[in-house]
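Below are two complexes that have chain A in common, paired first with chain B and then with chain C.
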Partner chain A sequence: MSAPRPDGRRYAERIRRNWHFYLFISPFFVLFTAFALYPIVFSFLLSFTEWDGFVPIKWVGLDNLRLAAHDEAFWNSLWNTLVICVLYIPPMLVAAFLLAALLNASWLKFRSLYRTVFFLPVITPMVAIALVFGLLYDTERGLLNATLAAIEEAVPWLGLRPLPWLTSETWSKPSIAILLIWRWAGYGMVLMLAGLQGIPRTYYESARIDGAGAWSRVWHITLPLMRPVFVFCAITSLIGTIYAFDEIFMLTYGGPGRSSTNFGLYLFNTSFDDFRFGYASCLAYGVAAVVFVASLFILRFRRSDWN
Partner chain B sequence: MARRGTSGFRVYRYVNRVLGHAVLMLVALLFLLPFYWMLSSAFKEPGHIFAAPPQWIPSPWHPSNFRDVLDLANVDFIRSFVNSLFISVSHCGLVLFLCSLAGFAFAKYRDAPGRQSLFVFVLGTMMIPGSVLIIPIYVMMVKLGGIDTYWAMIVPGAANAFGIYWMREYIGENVHDDLLEAARIDGCSELGIYWHVVLPVIRPALAALGVFTFIFAWNNLMGSLILLHTKEMYTLPLVIYLLNGDSSIPYGIVMAASLLATAPLILAFLFFQRDFVEGMTSGALKA
Partner chain C sequence: AMFEMLMQQNGGQVFDDHGRVAIDSGQTREVMAVLESLLTAGITSNTAVFSQAFYTSLGTEEIASFPMAAWLGGFIKNYAPETSGEWGVFPLPALTPGGLRASTAGGSVLIIPAQSTRPDAAWNFVRFMLCNEQSQLAHYRNSDLFPALLTTYDDPFFDEPDPFYGGQRVRRLFAEDITRIPQVNRTEDWREASRYISQEMSHWAANECQETDAMLARLACHLSERLRRELAPQVPDGTP
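On to the complex of A and B.
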């Protein structure tokens, strides 16, 4: 629609005629201003200050950035986040794709039952399920190690043995990655299933006529067309892991030591254990900015790739 | 590679299907295992949760864990359950009302000046993650006396940019303009149109956004940790966290509490799952 230059009277007239529009969006905007806009601005300003919530706010300029550069615990939390991502996202994507491909098979029975089962972890309270994982992972008496010990006894040459899942710095990150895979594979599966169903059957049929085998059809048709879904899942999982809280807070509390503290947990501890509101706001904004720029970059890359 | 219709291909296809079913079944069992373990542990005697070899079926059957959950000294489980339910339902209702009303306005009042820029502005704030909002909201709640109140848990997250985006898309596609015009000609007020014409049409989207919001509110641990400090106000995630931290409480009781906190969610999900899964897919893929 070509908007004519708003000469005052007609513009006012249009506003008056559409007063319902402003009425209907106003409840949303009142809350939005109070609980989203104002906090966004407030915490942006806070990130240039030093404040514990009680004493007068002290303006420190860019000092918080300088602090962050030398904050070993902060960089450690980013490193842990990265390691957890590497351990969790690729296997999760592969599992989600395989499950989606199986569920998409025409011969499958009980499709919706399987879909429900795989999706169930997405909706369960993390608090409750993390505790169950804690029981399963228990080093001395957990089900997982009991099973591994039994396997070791039965088939020693497999090399499986009980592991200190939550009690060692080496295994705390894989333990969390396994929990994350379990939790999110079903979500990825649902997205990929929708993606698979969006690929026209004729593509496969003409490929078959041209003599393409099953693998070649997957490689040359399915995977390229599914790329946007993979990219979307990977980005959301990455962001999700940066800010993941419940899983880690309940399962390991970031330990042993700091070995499984991700950025989300570090931010929470900086805010509400140490009450360093200014510094925490600076970290939150800094990481958000990096994530934002990185996502834009990836999405842009993806678009140019399409055309 | 065997050709179509030859017996070799039939065998190949048969093996494929059996393999596919086997894989799916195995994975499904793995996915269900934690739920089963929660269920069976909730019925175990204190010493039996870590029994060696592991006990798959509780023996003896120990249902009194569930009674003990209700008799705990330092938490009031029923009160917390009611708190969680009240907070989640109210939050959900508020989100559905705000987002559908504003989504309707954004989708259908195309002539209103400023419509596009306001909407782009709302979308833009979606890029800013919740992590930067937590400290300001906590500070605000301390100042406004919102600590240990229901509204502090219900109101702040209700202006949900994602929800408004979702509703606008759905209303734009599914509510036809001639329907609105017909209602106007019949003398229906604009609010009446929202109530009698728009809401019935967008029921599936409301169900999906509703379940999504309800689940999110029900599982909200961080908000409870920050905003709720007295026993009377605790929500279920907080109660389970506290029970787990208290080493004098047997795991069977913690598992019984977890089960009671999980069951309503699973029921809600099973009831609305079609809308929910479809809504989640369409919302996510468009975003």
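On to the complex of A and C.
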């Protein structure tokens, strides 16, 4: 048995005596309850209902899940998300690692300038970025295609040709992946730089004494010790891509066809175009549950690996 | 948007009078043929409509003409004021010789939710905005929003030449054409429907306009499934 619990009256007494302290910490709890706890609980309940925001809520039990199982557009959006992840995450990790390694080099001058420059895309509003990328990608007037056309004219044997960046179903996903790489490589770089700086110098020194070359030091010391950082970056990018919304909304609105509709945009369409709040909540909870379980699994796997 | 406009011009509907899905029709197939010939002729600009690039192109010499509703004028005046005097308006080309040369695109609605605590006040506001000649004319004068209130068309403002269109009397042209436009069926799930339509259409256009009939059949099935609406009975081709 544990120590006797203070009964309710004692609690009330304590709160009354220290009410000003509770007042000081209350803003968090009030805001959290209103803007996080309440929506989370409410949307969980909504996921078992049919509701368009106006008419009375109708309880449908697990019908929404059954609907999702046969919803081709939903599975298509998950597939698109996966493809964008595959196109975006590996190159982004490589770019972030290379940038971090470069910034970590002792001979580099103006280090903080580069760090700021590479990090700038992360703090720039997405809408502004997407507008500019939209102009860059434009099939007929875009800078990218103008450049490609100029190269084609100068060196025809290279075979470079203007591309329908946002107007073809083949290129819409790579175009979005390129924007995501550009945007998030700087963020990954900061994390990786911290990771690199956390590796003790002595490891490299003793490796050098043992006669290990530069490549071998990277392969046997840096990369294994950086694995947790890579995994962390990969998981957060995966989650970020699932819920990515503004870049796709601004750039392609999920098109052409549904070729670039990821889960985040599909969720938006389902809830705010179609007013199927119940169904959208069900999809959101379903995917969140899968992401949660997958992350737990990966972290568990990592932990046993470290031990 | 262009599809909708042509479809209405050709007497087609997305939903018939009973709210059934009627998009897979002979009228629509004729429209798709027109769109296909436009897209494959290489005379169209490959720019997302109402994107930044589109607005920019209004002020360049790349766009010679753009079929759109009367309200587009406000956008051109806003984004490309330097082109004033160089624009003109003509009725839509007919799909068939002697056919209709008018249609609609867009449109907004005002709604009063059933939960409203002041439905009377809301209704009065709607009446003030939409059923009042003064307000409607002010909309038109200041924001280039063409009035839907038929009684405003007698106002002398409609006969004034518009310098933006090189002195053309475009307002009278719009006011005369509006009476010819066929009635369009709209539903409460229109927004969702129009997303499915534009998804199928952009998929079709991005893939060289292939398998038009299959695309229309698929679209009709999709609309009927998602919106829980019946399919309208098929009318044999050639009958209006």
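Just so it is clear, the second predicted complex is superposed on the first by the 283 of 307 C-alpha atoms of A that agree within 3 Å, B and C clash if a C-alpha of one lies under 4 Å from a C-alpha of the other, contacts with A are read in each partner's own complex, and residues count from 1 in each chain.
Definition applied: a residue touches a chain if its C-beta (ideal position, glycine included) is under 8 Å from a C-beta of that chain, and two chains touch if they have at least 3 such contacts.
Every value quoted in this text rests on a predicted model; they were computed, and no experiment measured them.
When the two structures are aligned on the shared chain, A:Asp138 is found in touch with chain B and with chain C. When both complexes are overlaid on chain A, the residue A:Arg258 reaches chain C alone and has no touch with chain B. Of the two partner chains placed by the overlay, neither chain B nor chain C lies in contact with A:Ala294. By the touch criterion defined above, A:Ser43 reaches chain B but does not reach chain C. With both complexes superposed, B is the one of chain B and chain C in contact with more chain A residues. By the touch criterion defined above, A:Phe21 reaches chain B but does not reach chain C.
Of the two partner chains, chain C is the only one that A:Ser168 touches; chain B does not reach it.
Of the two partner chains, neither chain B nor chain C is touched by A:Leu62.
Counting contacts by the rule stated earlier, residues 131, 134-135, 138, 140-142 of chain A appear in both its interface with chain B and its interface with chain C. Residues of chain C that touch chain A in their complex: 45-48, 51-53, 56-57, 62, 113-115, 189, 191-192, 195, 198-200, 202-203, 205-207.
Partner chain B is touched in their complex by these residues of chain A: 1, 6, 11, 14-15, 17-18, 20-22, 24-25, 27-29, 31-32, 35-40, 42-44, 46, 53, 95, 98-99, 102-103, 105, 107-108, 114-121, 123-129, 131-136, 138, 140-143, 146-147, 150, 182, 186-187, 190-191, 194-195, 213, 229, 232, 236, 239, 243, 245-246, 249-250, 264, 267-268, 271-272, 277, 280-281, 284-285, 287-288, 291-292. Across the complex, chain A is touched by residues 1, 17, 20-21, 23-24, 27-28, 30-35, 37-38, 41, 49-50, 52-54, 97-99, 101-102, 104-106, 109-113, 115, 118, 122, 125, 127-140, 142, 155-159, 161, 164, 190-191, 194, 215, 218-219, 221-222, 225-226, 236-237, 240-241, 244, 251, 254-255, 258-259, 261-262, 265-266, 269-270, 273, 277, 280-282, 284-285 of chain B. Only residues 54, 131, 134-135, 138-142, 164, 166-169, 254-259, 269, 273-274 of chain A touch chain C when the two sit together in their complex.
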